[in-house]
Amino acid sequence: MIENIPLQYFLIVGTLMFFIGVFGFLTRRNLITILMSVELILNSVNINFVAVNRYLYPNNLHGHFFTIFIIAIAASEAAVAIAIIINIYRKFSSINVENVSSMKN
Amino acid sequence: MNILSLLVLVPVLTVAAILFAKDNKQTRLFSAVGMSIQLILSAILVYMYVTERQAGNMDQMLFVKDFVWFESLNFHYTVGVDGISVAMIALTSVIIFTGVFTSWEVLNLHREFFISLIILSTGVFGFFISIDLFTMFLFYEIAVIPMYLLIGIWGSGKKEYSAMKLTLMLMAGSALLMVGLLGIYMHSAPDGGPLTMNLLEIAKVKIPLDVQKFLFPFTFIGFGILGALFPFHTWSPDGHASAPTAVSMLHAGVLMKLGGYGAFRVAMYLLPDAANELSWIFLILTGLSVVYGAFGAVFQKDLKYINAYSSVSHCGLILFGILMVTKTAMTGAIIQMISHGIMTALFFALIGMIYGRTHTRMINEMGGLMKVIPFLGVAYVIGGLASLGLPGLSGFVAEMMIFVGSYQHPDVFHRTLTIIAITAIVITAVYILRVVGILLLGPIKNDHYLELKDAKWWERLPIITLILSIAAIGVAPFLLVDLIGFSLDPVVEKLLMIH
Amino acid sequence: MNFTYTILIPIIPFIIFLFIGLMNSKIKPSLAASLGTGGMLISFILSYYTAFLYFFKSVKVDGAYQKIIAFNAEWLHFTDKLHIDMGVLLDPISVMMLIVVSTISLMVHIYSIGYMKGDDGFNRFYSFLSLFSFSMFGLVVATNIFQMYVFWELVGVSSFLLIGYYYQKPSAVAASKKAFIVTRFADMFFLIGILVLSFVTDTFDFITLTDTTGSAITQGGSILFMGMSTMTWALILIFIGGAGKSAMFPVHIWLPDAMEGPTPVSALIHAATMVVAGVYLVARLFPIFEISAPDALMVVAYVGAFSSLFAAIIATTQFDIKRVLAYSTMSQIGYMITALGVSGYGGHEGVGYMASMFHLFTHAMFKALLFLGAGAVIHAVHTNLMTEMGGLRKYLPITHITFLLACLTIAGVPPFSGFFSKDEILVAAYHHDKVIYFIQMFVAGLTAFYMFRLYFRIFWNTEPHYHHTPHEAPFSMTFPLMFLAFAAVFSGFIPFEKLVTSDGLPLDLHTEWEVAIPAISVGLIGIIIAFVFYKKESSIPDKISQNLRFFYRWAFNKFYIDELYMFVTHKIIFNGVSRPIAWFDRHVVDGTMTGIGKATEFTAKSIKGFQSGQVQKYGFVFVSSAILLAIAFIFYWFY
Amino acid sequence: MEITGAQIMFYIFAAVILVFSVLTVTSRKILRAATYLLFVLIATAGIYFMLKYEFLAAVQLTLYAGGIVVLIIFSILLTSHISEKFEPISKMKTIASFLASAAGAILVSSVFIQYKFVATTKEALNVDMEIIGKSLLSYEREGFVLPFEVISILLLAAMVGAIVIAKKSDDKIINEDKIK
């Protein structure tokens, strides 16, 4: 099914997605959108893992399992992050990163 | 138990006892008892040392004890004393003893004050007994750090600023010193074999001249900062002005001597070639600071500032004598350490007591105090006379040994510097008499001074102790010279070998 | 012959000093006085006994008096050759000085019982007197130059304490401070001189130093700088120290002010004993001066001559009787110094040396007498100013007679002692240097004039209105007057030339009338002028001072030397050196240190912005740096 | 060159991923951004299908697209007004971030394009549920039991942590106010 698509295509998609995520991470100010950017980054990495696994080392499943673990970690991360976001929202009535600066000074 | 380790242990136990003290009375009682024991102990040490020497023990260091501390780096806890350290230990125990009594009535945080004070003295005692550079440095830091608390908490005036300045400058000195000491350590075994921090071992090794020249400034300035080496002395006036009485006493009396002692024991002894090559720079600095400090004192109005600048002048003379590399001048420098230690402690004690009565340290606000507080007045005059080098008191002996010793130096350069330094004795007379004239003599300026009370017993005790020490050294200097005896020989020989 | 007991002479006053000083407030004044006086009496007797033994019983070698070390112990060890010893050296001059010091000191002790009666600090006064006596004895018997320096400083401090005795009086405090600092300034040169001397000769010991056949004396002949040899410099420096104590120009300014002290102190310290320490010092080192540094000796002679003239001129213009005496003292010490300066070593050449010592002796007696007499006068009328005195001969008969005798002595009227000693000095000057001879001759006339001016103003002249009738002092005060008057009159007959000479050998001297007659006539002229001017109230002195207004004012203000010193110390040293140094230290040196601290703080503040706590900023920096690094590495490795 | 169906599929997925990724990070309405993220995640699952990792694709759909996105949407609803629009982002920041990201993307892509990947010659593994399950619980070679356990503990910890953090603790807040 993938005979005609070179590995590089997948990798480039992953790369572009990664840097779009980075761009989002750097520009967005809402904590939740930042979280979403992070999800994008994680996903792009997953694509790379999986593609490399399939194309270069089909004899084992390392990339595959790594992706599974990353998904699990992403899930826990999202849970904790959202808990923190909600807590911050309670305290500052905002989830704008620039407003959250009580550790400064 | 080795008597030297006891010297460190007794203050530690005293601190422990103070922790269990119930109230202020017990606190100061414990401190007084502990420090009296310490005083007796040092007297015993002097006696033991003298008997040992008379019995013909010619080792460089006596009562040596050695424990491995960090085996992998070959750091040891090595203690031992020669005549110089014994003299310095005796000085320290006298000063801390009197210091405890002068702080009999500290107002707040009594217990914490005494604890810090005694920890400080632990560091000093440890420093003087160490012959391992690492142990020495460790105790040095123990002595320097409580200073910050003592000035910052119990001080007066701009105390935070002064405490910070003092601590930072001394820490900068420690940093330089650390470089120097580690450098020496790294070159302590040129032929392979384990590196060592032991002074006596390193002294046998010949460190290459280039390395010595690199390390000497670090070591000498590192110790010199504590010894008020010009231009690194500026912590001293502010620090002393802000410190509480006992702390000023201990600091000017003992802590500043750590600098001179260290410069002599480490910088000069271990790096003799560099000392010979580079001493001219420091000689100029110290020679100038002798005069400079005296001139600086002439114009001050605050009693403590006057004394601080006078300390700069006198401590300059210590380093000056050490750098002169003649045995007489070095002996003089050691005696000057002791003499200045006692003298300046006496001054600071008196200033504290006068301040406690008049609530000012500005000399132009006081006058005619001799009439109302004759005991303190007379003591101040005696201290002043000792400071300006009156024969029969300790200052004279020290100064003359330094001057005569320095003038025996074969180089014209050294002799010229000696003459410059001698001019300070006139300026010293000027500022001492100016203070005595304004502060003690003349008509009484302020009516409510008429009601001032003269010294109480706990004030008389330290002052009499200090004056007796000054007079004893002044009248019978040969005892002290004998005690120091040939302890200087290894250093002088090492330094002269290169000539 | 064993002289070891002589160490008791200084030790006894020292013990008494300690006792009275420590027990200050606990003992009665009468006990202090009797202890002080009693102790002094013992020292006095011992001194006379020593003198007797030394001059008449001791063994002479080739007819010369030997230097005897009665006691010597090492006190402070510098090097194997240089060490301070504490000891007792007996030779003609030190034995003579023992006599002078013990006599005057005993008289002053006795006198003070009456003079200081009822004073607050009576015990303190006696303890200081004892301290002074101890130091002065220690000074005169010094076996080495450093011992001398030690006691030199101690006499300095006793002088300081005694001048500042009335310490609640600001002028006394200022005077004591001035005295100490000025002499200290001179002592600094003394110390440097000692160091230079010991450096070239390798010894402090007087006997080694002054051994005319030894090696020490020939050292240091090389030129040091300004065309003078090291030895010359050393000795000039040492002489500056002596000049400081002996109030020679230009370091004399402390002496007139020192009259703020109690009068017995002025008599003891500032007339008879301490101020001649400089003379004694030069005499002590005389062989070196004469043999290896004649240049230095010439300096000594001219400084002495100039000082004596200078002081005598000022003395004629002063009104404070103690100041007149102070300048007179300075002038007379100038005489002694000059005499040493014009002297040679050994034989007949050494007549100046002998004359100087002779004059020192007689001067001590008559000047102490004059001061004690002045003290009795002040005691009676409670003022120092001669303008408020007059006609006192009726009220103070004993004082009057003794004072007159002292004035005749100092004026050089034969057969009083002053005549003999002054005559010898003039003889020595006559043979050595005519300029000095004429100066000294003129000064002799001036001396007679101002002394009799003083005498007539006090005891004759118009009597002012006294608040209460002056009365004669008690016996404790008049006894010393009479004793000293006796000494002043008759000490001229002591055969000094047989006892105290430069090389210990007796001299054969007879009066040289071609010098003596002009001297006597000059003295008489001075007395007559004073008689005309001041016997009765007269307008001539005012007229003269009007005509010589400029010069008079100059002299009256002591030639503005004090003002010059004030200018130098306050304007130049204080404002020009000390204040800038204090400023420099606070602002430049400390400023640099604080600046380093400030710089750290500033750096911290400026980079604090980077640590904003904003994750996105961190992220941006992280990402861009990572990319830049990656680019850099890739290009570095692959291209 | 003939265009296969697989290629078309890939291009569609890639286009969806990239377009919606961009929309996710640029949209000024937060709920829309979340929706776009959902599309990205689904397209990613499609890519997994293409690579014949069906299990992974299923996990991606259920856990990511299903779980996490729902979680995010919940938190959006809790903390934001749906109609709220973000303030526009400052130009400087956008340009700087864009430059950094673009530079990174170009760099990494160029590396990928230039690098010659070499595939292993070993026989491919047929990925079925049995192998996946055995590998996860095997402690031998090619076994993943240790990371599996670690990840389970992490999940537990995260769960506990999330609850503790999100739990309302009134007294603590009051205390902090007092300190201020």
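Order of writing sets the labels: A, B, C and D. Residues in every chain begin at 1.
As a convention for this text, a residue touches a chain if its C-beta (ideal position, glycine included) is under 8 Å from a C-beta of that chain, and two chains touch if they have at least 3 such contacts.
Just so you know, these numbers come straight off a predicted model, no measurement behind them.
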Taking each chain's C-alpha mean as its centre, the one farthest from subunit B: D
Distance between the centres, which are taken as Cα means, of subunit D and subunit B, whole angstrom: 69
Distance from subunit C to subunit B - Cα centre to Cα centre, in angstrom: 37
Inter-centroid spacing, subunit D versus subunit C (mean Cα positions, whole Å): 102
Where subunit A and subunit C are represented by their mean Cα positions, the distance between them in whole Å: 97
Residues of subunit C engaged with two or more neighbouring chains: 620, 623
Two or more partner chains touched - positions in subunit B: none
Residues within subunit D bordering two or more other chains: 96-97, 100-101, 104
Touch relationships between chains, expressed as pairs: A-C, A-D, B-C, C-D
Complex interface listing, subunit D residues touching subunit A: 1, 4, 6-7, 10, 14, 17-18, 21-22, 24-26, 30, 33-34, 37, 40-41, 44, 47-48, 50-53, 56, 59-60, 63-64, 67-68, 71-72, 74-76, 78-80, 86-87, 89, 93-94, 96-98, 100-102, 104-105, 108-109, 112-113, 117-120, 122-125, 127, 131-132, 135-136, 142, 144, 147, 151, 154-155, 157-159, 161-163, 165-166, 168, 173
In the complex with subunit D, residue positions of subunit C that touch it: 620, 623-624, 627, 630-631, 634
In the complex, subunit A residues that touch subunit D: 1-5, 7-13, 15-24, 26-30, 32-33, 35-37, 39-40, 43, 46-47, 50-51, 54-61, 64-65, 67-69, 71-80, 82-87, 89-91, 95
Residue ranges of subunit C in contact with subunit B within the complex: 74-79, 82, 84, 146, 149-151, 153-154, 157, 160, 164, 167-170, 173-174, 177, 180-181, 184-185, 187-188, 191-192, 195-196, 198-199, 574, 577-579, 581-582, 585, 589-590, 592-594, 597
Complex contacts: residues of subunit B adjacent to subunit C: 165, 168-169, 230-235, 237-238, 292, 295-296, 298-300, 309, 327-328, 368, 370-371, 385, 388-392, 396-397, 400-401, 403-405, 407-408, 415, 418-419, 422-423, 425-426, 429-430, 433-434, 437, 440-444, 477-478, 481
